[in-house]
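First up is the structure itself, then whatever we jot down about it.
As written, the chains take the letters A, B, C, D, E and F, and residue 1 is the first residue of each chain.
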Amino acid sequence: MERITLAHGDGGQLAHQLIADVFVSMFRNDRHAKFDAATFTLDPHELAMTTDSFVVKPLFFPGGNIGKLAVAGTINDLSVVGAIPKVMTCSFIIEEGFPICDLKTIVQSMAEEAKKVNVEIVAGDTKVVERGSADGLYINTTGIGVISHSLEPKICEGDSVIVSGSVGDHGVAILVARGELGLVSTIESDCTTLYPLIAKALQASQRIRLMRDPTRGGLATALVEICEDFGVTIELEEERIPVKQEVEGACELLGFDPLYLANEGKVVMIVPKEEEQAVLDALRSQPEGKAAAVIGTVRAINKGQLLLRTPLGTTRRLYRLTGLMLPRIC
Amino acid sequence: MCVGVPAKVLHIDGFSARVDVMGSQMDVGIIFVPEVKIGDYVIVHAGQAMSIIDEQYAKESLEEWRKLVDARRDG
Amino acid sequence: MLDVMDSPTRSTLSQTLLQEVQMLANQFQQTFGRMPSFMEVCGSHTMALARTGVKKALEGYVRLISGPGCPVCVTDQVTIDAMISLTDGSDRIICTFGDMMRVPGSYGTLMQAKTEGKDVRVVYSPVDAVRIAEQHPHQEVIFLGIGFETTIPILAAAIKEAEEKQVHNFSMWMSTKLVEPILRQLLHEREVSLDGFLLPGHVSMVMGRAHFEFLATEYNMPAVISGFEALHMLSAIRHLLMLALKQHAIVLNDYKSVVTEQGSVQAKYWMNHYFTLCDEAWRGIGVISQSGMDFKKEYDRFNAKVKFSVLTREPRRTKCRCGEVIRGLIDPPQCALFGKACTPLQPIGPCMVSSEGSCAAYYQYMREE
Amino acid sequence: MERITLAHGDGGQLAHQLIADVFVSMFRNDRHAKFDAATFTLDPHELAMTTDSFVVKPLFFPGGNIGKLAVAGTINDLSVVGAIPKVMTCSFIIEEGFPICDLKTIVQSMAEEAKKVNVEIVAGDTKVVERGSADGLYINTTGIGVISHSLEPKICEGDSVIVSGSVGDHGVAILVARGELGLVSTIESDCTTLYPLIAKALQASQRIRLMRDPTRGGLATALVEICEDFGVTIELEEERIPVKQEVEGACELLGFDPLYLANEGKVVMIVPKEEEQAVLDALRSQPEGKAAAVIGTVRAINKGQLLLRTPLGTTRRLYRLTGLMLPRIC
Amino acid sequence: MLDVMDSPTRSTLSQTLLQEVQMLANQFQQTFGRMPSFMEVCGSHTMALARTGVKKALEGYVRLISGPGCPVCVTDQVTIDAMISLTDGSDRIICTFGDMMRVPGSYGTLMQAKTEGKDVRVVYSPVDAVRIAEQHPHQEVIFLGIGFETTIPILAAAIKEAEEKQVHNFSMWMSTKLVEPILRQLLHEREVSLDGFLLPGHVSMVMGRAHFEFLATEYNMPAVISGFEALHMLSAIRHLLMLALKQHAIVLNDYKSVVTEQGSVQAKYWMNHYFTLCDEAWRGIGVISQSGMDFKKEYDRFNAKVKFSVLTREPRRTKCRCGEVIRGLIDPPQCALFGKACTPLQPIGPCMVSSEGSCAAYYQYMREE
Amino acid sequence: MCVGVPAKVLHIDGFSARVDVMGSQMDVGIIFVPEVKIGDYVIVHAGQAMSIIDEQYAKESLEEWRKLVDARRDG
């Protein structure tokens, strides 16, 4: 089996060949390959930019791999600020000994995921580190988008909180794929590019206040952040939050809370009550949004708390994840 | 986490059994419930099936609670 | 079986039960001129009561006092320090349940030891630690065995596995606790006045209902064995209220689907096979004789305390009041550190660490300032 | 000593605090911290974008650290395509157990280096991996610049090749800092932001054909790439290439060739012969360009070879670095 | 001392010497009707001649034939395969000079073994390998000891270090070669006709000028000992030409600042202290008796061949002509694979790997198509 | 790399010496040149000083080469 060696990362002949054979050929960006930086023009709009490094373990999991995740993740971060994703860079840190065929599969997934929404991968980088200095492969993606809907987070009392589908799927898929806990489940990661879904929602309503993709830390952490950052109190209804049976079962078995498990293909939105139905309909019209649901309401401005109403009718406060040790999920 | 989850026994292999909770599964030890049968529900704790759930009693509890509801509704 | 138990049904049932409980509690208040006080013995109940909102729903109706049933919280400081010191040796892998990782020792935590490069691993089950020992034959794998009667058989199962597979590099540092002795101690000292006990379903599943009969016969205390769902707990509290109202001291099994009169023959067999009663030190209480289990002499080869020696310094004193919390003498907010110096992120005492700890449960689920 | 734990990377409370305490406070980008992607406007120009992951070992070396290197490296890649560096993202992969004080020092260096040329750090990311899954810390930086001089690489016969200073300093500094070879030297890495120097050169001549910063693989590899990519034959004169005494000494001791050692603060330029002096003067007017020198000439178009004239007067061909195992230098 | 030797001075001197050499070569051509042929015995000379451009500057004047003096290139396939097989054992760290990493064994390279997870490390000095052994007492550290007389004393220095520090987990797999026996072999077979030898300064530094006297006395061959700078080599070639013109067979020391008549007493003492003569297999030539050195019996404890056994399969045959290249029978471009299937990036034979290999030197420094 | 570099001895410590080549330094073994003194130039190979350079002879070579240059210039 052909494997990555240190020489693939030293800027010499082998590095040159690897870049030509794997990256340039799959990303089809030879236009930029000759220069230290890629050049391109974007319409004179407001821009959005985001970066993420992906260290998910394992690299391959039901429903995706680190490459698909890395591209979708950055596209999603651009999408949730109301941007049309345009260009992206990909940077690889590869452990000596990594199988080149796996690298090709991963890069192929990246190219496919980017192509879905016509994102051009304009620049890249490859570093190889000694065996034991990385866990196979890490990927950084950094993306630029052009703002199409300037979201203004003027959240109001009574606004609805919508999630585009069931929560915790990615987290459980990773737990299962790691195999360490002996968990077996057919659940697949929800890892996907949300731009088409979000574009539909933005078409349906010009008044979406705020969007976020609840990845690391799960739905609860994403909403706690929103509550704190924008000074609002949100009340979720435990019974309305969509959770797949298998995810619930896995959580029961392991003692995890699905609200804190990662998602990689879900968006949570705050919308005016009046627009709730329009947005829901738009989301549900897409396969990724079929299970979209209103899960809560903005109860007050300026308190900054996330509350959960239990089936008993009492509420309790939700916090950020605190020091729980979950496996690497992104 | 010592709450214990009711899990359905799918198959048995020597001293261990594959159990299912709503579609997610796990292999657990069954040395404490050697009499367990496929289809039984067991309480799982830290990788061991600790007890077989008595369905009759489970139904009875449920009936008791239901009666309470009915009583309230009627009364 | 579980199909009739879908969420809407459960939700309706729970709400009806809650109303019943509230009604009975009012009745108690009218009859005795005060709120009824029950102690949930076990940390899992503390957690479940908080998480499901039952505790909150009963505020002003029933006083639910958290008891000494969180295994991490009752472990005394010297034992915790010893367990953390165990990581100091070379060629060792320390395995533990996740809750132990951030428990503050006098001079650091297991998490810190791990962060500094010690091999400390969280396992889901002690049997996984035996597997790790098989995979690393040149290293000593030590499992930190804490827990009550529900967990002790599982520790025995791991030893059984190690014995059968002849895994010689596996041992356990035991610090287990038993429910009966601590309840006797609490009732003996009479520091808290109680109208009854909410007894843990899982300990009862191992020990049987009859094991708790002493509460009624010797201490004239009503007690109800309960499961961990909102429904179970509300039902059990309802029974407790009815018993308290009637001043009827019996030990009632409200979790018959799981708990039998004599408990699990097999579980009891295996725990008594490897372990024997021993004196144990409880946080904030001191040593209670015969209140835990440790290896029988003939299984010394699995006893980490025999295989390894650790140096522990004088435990550091803090203003943590966990000792009082676990005895039900104070509620977490009565500790001056609660929510200020002591939070789940930077816990001072074990009660703020363990997901079953009273302070943690209170912080996570009850606080809503 | 406070150290990074896995919980600092799980998206929960500790991660939130780390980001607030270290990154937001030092990069002063709280404006963007609330969103999944940063938004900003750039004048409607042609843009340049580049990405690099930095895995240098050791993280601290005479003349800099991984943070300074990461920021300077990306600024330099933008600068050599004729862009004014504008915004940057920084993404960290941190090994469990990493000292937080070291992280702060590194982030501080990054902030300082970015400030020198008014580059705004608009977005960031932090991942923590288990001990043994990284070698301390890896940093990705991705930058955007606005093209100010559209370089058009119409290289002509007779054009001059200029390097802005001595080569191999960074490579030797890293070898010394690693301590493995027992080498002792006072040489410092040349790691620095080249934008001010390059801006001077671009002021002095509108006709600079092409620039490159000869990092991994050294001067030789950078020029081989230019020769191949643009189909030109360049002849270097061995005696005119500036190499510091200590670098030459270290190379003698270890058997390395300074032409293949990494630089992190040098630029190589191809300029028309007539502009040679103007560019040289501009470079030499700056402290980083004092040792600038003409080191070779474009001999032919369409051959794609890099040649080296030896002091004896013969020439030999230079190739890319081939499979030499050098330590991680960037 | 070196201050008078600044580059411009050197450059002027070199160019003058070059002209002298070219003039003398023309004289030789006129006198004998053919180009003079000299063999640079040593790989370091091959490299230096190519790198400095001396070889190219003399094209058409002097034929410089690369000899059998690259230690990697002369090592036979079975030995290389055995060294690579050594990585297969567990708990081993293989240390080697960098040149060995990509040498193609029949079934892989050390680099591949490393990429697949074996612990293979490049060291600058064999003494560094002893230090690694001290740092990893639970692993066996094996140094792959290849080299000629310059390196053999250094291998001895490492053994001395290991012996004094009582490092028991260090050993060496020796496959060293001596210059004298191979030169005798080449002269004996008379496959190449030569007008003289350019003798390596570093081997001579250890062995002394007198060691090579046999070339003149027994084979009537002129020979000049040379350093490795352009100046040194041009000067030595000039002397060779003058000797050849005069048909004067003497062994001349043109590197007196470093090489003495008898060489290094200490270096010879230590190599003979630990090692003794042995038969060695040379690539493309076969076994030459007493042509290398290996451990004396009493130092078996450092002898990796005694401590470990390896399985080697039948070496794979390739079209590589390294065997002929090292005997000076062909120039690298005469090999059909040169620059096509065989490049420094994907070498077929060891001569394309080692920085001192003729094929690599030719590829890196001579090729200019 | 068995070429060997002339390196200046800066100081000596038992069986090892710190040597300098144009400002870069390294510690090398000196068991083969036990007579070495501070200020001497040595040939270093793979971490060992193999030989002390005889400056007299070095100067003589240089003179010889110089003479050649002068001869050429004059002639």
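One rule holds in what follows: contacts are C-beta pairs under 8 Å (C-beta built on N, C-alpha and C of every residue); 3 or more make two chains touch, one makes a residue touch a chain.
If you want to know which protein each chain is, UniProt gives these names: A, D = Hydrogenase expression/formation protein HypE; B, F = HypC/HybG/HupF family hydrogenase formation chaperone; C, E = Hydrogenase formation protein HypD.
Source: prediction; values computed, not measured.
Counted as hops between touching chains, the shortest connection from chain B to chain F is 3.
Note on connectivity: the fewest chain-to-chain touch steps from chain B to chain D number 2.
Averaging Cα atoms per chain gives one point for each, and the point farthest from that of chain C is the centre of F.
The pair of chains sharing the greatest count of C-beta contacts is A-D. For chain A, the chain with the farthest CA centroid is F. At the interface between chain A and chain D, over half of the residue numbers involved are used by both copies, so each side presents largely the same positions. Mean C-alpha position of chain A lies 57 Å from that of chain E.
Averaging C-alpha coordinates per chain places the centre of chain A 31 Å away from that of chain D. Between the Cα centres of chain A and chain F there is a gap of 62 Å. A straight line joining the Cα centres of chain D and chain F is 36 Å long. For chain C, the set of residues touching two or more other chains reads 111, 124, 344-345, 355.
Among all residues of chain D, those that touch two or more other chains are 5, 7, 13-14, 181-182, 254-255, 319, 322-325. Chain B has residues 1, 3, 47 in contact with two or more other chains.
Chain pairs that touch one another are A-B, A-C, A-D, A-E, B-C, C-D, D-E, D-F, E-F. Of all residues in chain C, those touching chain B in their complex are 1-2, 4-5, 12-13, 16-17, 19-20, 42, 44, 47-48, 97, 124-128, 147-148, 150-151, 153-154, 157, 160, 201-202, 205-206, 228, 231, 235, 254, 256-259, 264, 266-267, 270, 355-356. The part of chain D that touches chain F in the complex is made up of residues 172, 176, 181-187, 244-250, 252-255.
By the touch rule above, chain F contacts chain D in their complex via residues 1, 3, 5, 7, 18, 20-27, 44, 47.
Contact residues of chain E toward chain D in the complex are 7, 10-11, 14-15, 18, 50-54, 56-57, 98, 101-102, 111, 122, 124, 128, 230, 343-345, 355, 364-368. The touching residues of chain C, counted against chain D in their complex, run 111-112, 114-117, 344-345.
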